[in-house]
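Down below are the structures I want you to see.
In the two complexes that follow, chain A is the common piece, with chain B as its partner first and chain C second.
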Partner chain A sequence: MSFDNAYEAITEQNDARWAFGTGFDSPLSGVDSELPEGVDRADLAAYSLMLADDALVVSHRLQQWCTHAPELEEEVALANIALDLLGQARMLYSRAGQAEGGDRAEDDYAYFRTESEFGNVRLAELAQPDFAFLVATLLVFTTWRLALLQRMTGSRDPVLAAIAAKGIKEVTYHRDYAAQWVVRLGDGTDYSRQRMRDALEAVWPYVDELFATHPVERRMAEAGVGADPASLRDECAAVFGTVLESATLEVPQVSPRAGVAGRAGRHGVHTESMGYLVAELQSVARAYPEATW
Partner chain B sequence: MVTTQEHARAVAARVTDPELPMLTLDDLGVLRDVTVTGDGVVVTITPTYSGCPALEAMRDDLVGELRVAGYRDVTVRTVLHPPWSSDWISEDGRRKLAEAGIAPPGPAPAHGQGPIPVTLHTPRSQVPSDVCCPWCGSAETSEISRFGATACRALRRCSTCAEPFEHVKEI
Partner chain C sequence: MSGQAGERSDASGAQWPLYEVFVRSKRGLNHVHVGSLRAADERMALRHARDVYTRRNEGVSIWVVAAADITASSPDEKDPFFAPSGDKVYRHPTFYDIPDDVPHM
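Here is the complex of A and B:
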């Protein structure tokens, strides 16, 4: 078969030359999409979006490490973790679309919302200047997400419960990876220890925000759909304590980074680095809005 | 006599995994149900990992294979619950993995109630290991990386025959 241009050739549907084809279906295609009785649709959509945004934004930061990781094994590990989180994000965006009841699908949420419409916590979006900063962020994020997903397995929404049950198995691996690197660098040479300590001090101001409860999170927790992040604080603190003790480091004593008039990531108020991240993430889809992949 | 139900099941069961082609979807434990209704078939599968990109290919392959076998109306449903476990890989599947040089998984970790403990020791220090080398059978193996070419595989090396090999990890 011949084509006038190369682009036409690669977008041909059902093209066997592509390992996984083109034109992806919704990741929840064929999953029972019924909504639990008495649950507010708008809240369920907003809640699913917050959890999806956390996963997508961390996944994107990890993808930026491709070709920059210190060794090949780490390159592969980070790509694997990014892929798992991307999978979780796709399912959660699809669930948000079902709850919303309109015609928005995963790509509409990921590629055609503005920065202030993203509800991820600010920790997820921070630019990662070095590997120590990456593993510090990943330790905090995965510890928090694992605690959250564990509670969500009992969700009244069977789809969120199932996404959580799958996610737990994956995030357990991700957290071990981050924790082992924090220990290795913290309990390593004087230089690696200093870099690890600096990274933790830079990340820690964003930890407090993870346990602040947004009104949507509160209502979803009350409805038995989600978990109140405030209830995760002690469990996370215990894990941070165990890991940092093993790394011969201490939990940083730093003031939390305040939001703007009490508003932070969950409210769509982000740090400067989020604008650059969203611009890069969405550049192809915005330039070619009709493109398929 | 083979019923339509058994026939459709047998057809779906011979579709292979795109990333581990020595295994069928049945061996891998992702094929959960095949039901014949009228002249149509409903196949139910479950993803191994949330981000597994092979799911789309599995869907297409199932539809293709069943159409060739004469089933016009094929629907592939996805179930997320209960989540896939490496324990669902069949005995036959484990043998085929080992023959292909990939160490099959041991029993998946069981998580009870309460927080999941964090693993701080690096498993590379465990010798002898639970994972035997698929080439020489030695238990003197260690983990190079818990993450491999696909989400479900880890990288290991054998200190007896010095060969690297892959291992389907336990989840």
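Here is the complex of A and C:
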């Protein structure tokens, strides 16, 4: 993550080699990175970290499917989604670093924080035992994140607004990918339908948490920087309803998985699987703390 | 594009059918064959093509076609098919001056 500009290597100069593709551009080029006036720096940093952690943790879960996906093409598709989310995480970590005003950069946040310092929602970290569970998680996560990013394009922070604008195009495809598979499996054979239904029932207890408002989220929404997750509930429910109806499935009626004394992922209170995820994610960076790549 | 590669999988789902992928680049005028992939149906093939063959910002348009639907010439027919045109250089419009402002020739 330490190179300055990956886009310099592949420019219009390589015009003859069309297979390389052209027109690469840094997503934040030309965006004013000054902090917006009157916005609390600590809150902006904390808020950026939450959104970054969501993306990084889901990205990590997705890349764990590499060499395990049922088809080569699906594997590439999942890796693509993971890389999109990793890109979002990197930009958000960088923004957190700028807002914090210290010397921490994206690697410090990703690799040298402890489990309880991660503020991702618990849905993101759940181990994904099968493909149905994966697409169920992805459908819920991307529906929610897309609704969030759409509101964030009007953020008073121009960097968050730019990250959101870029992210919308990516997450729209991710949601579509997940929805396609939920419909295929739900409206497939008796066996695929059963597996899809089981997966949805296992994932659904973690849906409620997505719409709980953390104090930082509330203040950022009031400041016109972020969005209050509670305001996303109806829109997400409508999408879930539409997709599951196409899949001939019903929205699971399960009670939400409670946090600890009202504290959950956003507060750094995670499920058991998060510890293993963080350990794996950080193992190389912690073993070779001076390494660069 | 032999018949074997294009065979449809049976209901036991042994293997998805093969699709050929054509991508038009930003500067390209026509779709170019870039490879093949497997998918359960046309719709999935198109999405797989996007995921597998346009990851490096190559394309602005994709075609997919079931490999089984392609009728191809056979290597056995190479001579009768192609050799007769080998000595007819006059079929190229090289004996004319092409104006500079005629593109794509």
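We adopt the following convention: the second predicted complex is superposed on the first by the 261 of 293 C-alpha atoms of A that agree within 3 Å, B and C clash if a C-alpha of one lies under 4 Å from a C-alpha of the other, contacts with A are read in each partner's own complex, and residues count from 1 in each chain.
The rule is short, and it goes like this: a residue touches a chain if its C-beta (ideal position, glycine included) is under 8 Å from a C-beta of that chain, and two chains touch if they have at least 3 such contacts.
Just so it is clear, the model here is predicted, and its values are computed rather than measured.
A.B. asks: Check the residue A:85 against both partner chains and state whether it touches chain B (first), chain C (second), both, or neither.
C.D. replies: first
A.B. asks: In the superposed model, does chain B or chain C contact more residues of chain A?
C.D. replies: Of the two chains, more chain A residues are contacted by B.
A.B. asks: Would you sort A:120 into first (chain B), second (chain C), both or neither based on which partner it touches?
C.D. replies: The answer is neither, since A:120 touches no partner chain.
A.B. asks: Which holds for A:177: it touches chain B only (first), chain C only (second), both, or neither?
C.D. replies: both
A.B. asks: With both complexes superposed on chain A, which partner does A:48 reach: first (chain B), second (chain C), both or neither?
C.D. replies: Once the two structures are laid over each other on A, A:48 reaches no partner at all.
A.B. asks: Which partner does A:76 contact after superposing on A: first (chain B), second (chain C), both, neither?
C.D. replies: In the superposition, A:76 touches chain B and chain C alike.
A.B. asks: Under the contact rule defined above, give the chain A residues that sit at the interface with chain B and also at the interface with chain C.
C.D. replies: 19-21, 24, 73, 76-77, 80, 177, 180, 184
A.B. asks: Which of the residues in chain B end up touching chain A in this complex?
C.D. replies: 18, 47, 49-57, 59-60, 75-84, 111, 115-116, 118-120, 122, 144-149, 151, 155, 169, 171
A.B. asks: Which positions of chain A touch chain B when the two form their complex?
C.D. replies: 14, 19-21, 24-25, 27-31, 73, 76-77, 79-81, 83-88, 90-91, 143, 146-147, 150, 158-159, 161-163, 165-170, 172-173, 175-177, 179-180, 183-184, 235, 238-239, 242-243, 246
A.B. asks: Which residues of chain A touch chain C in their complex?
C.D. replies: So the residues of chain A in touch with chain C come to 15, 18-24, 71-73, 76-77, 80, 177, 180, 184.
A.B. asks: For the complex, which residues does chain C have touching chain A?
C.D. replies: Where chain C meets chain A, its residues are 16, 25-28, 37-40, 43-44, 47-48, 51-52, 55-59.
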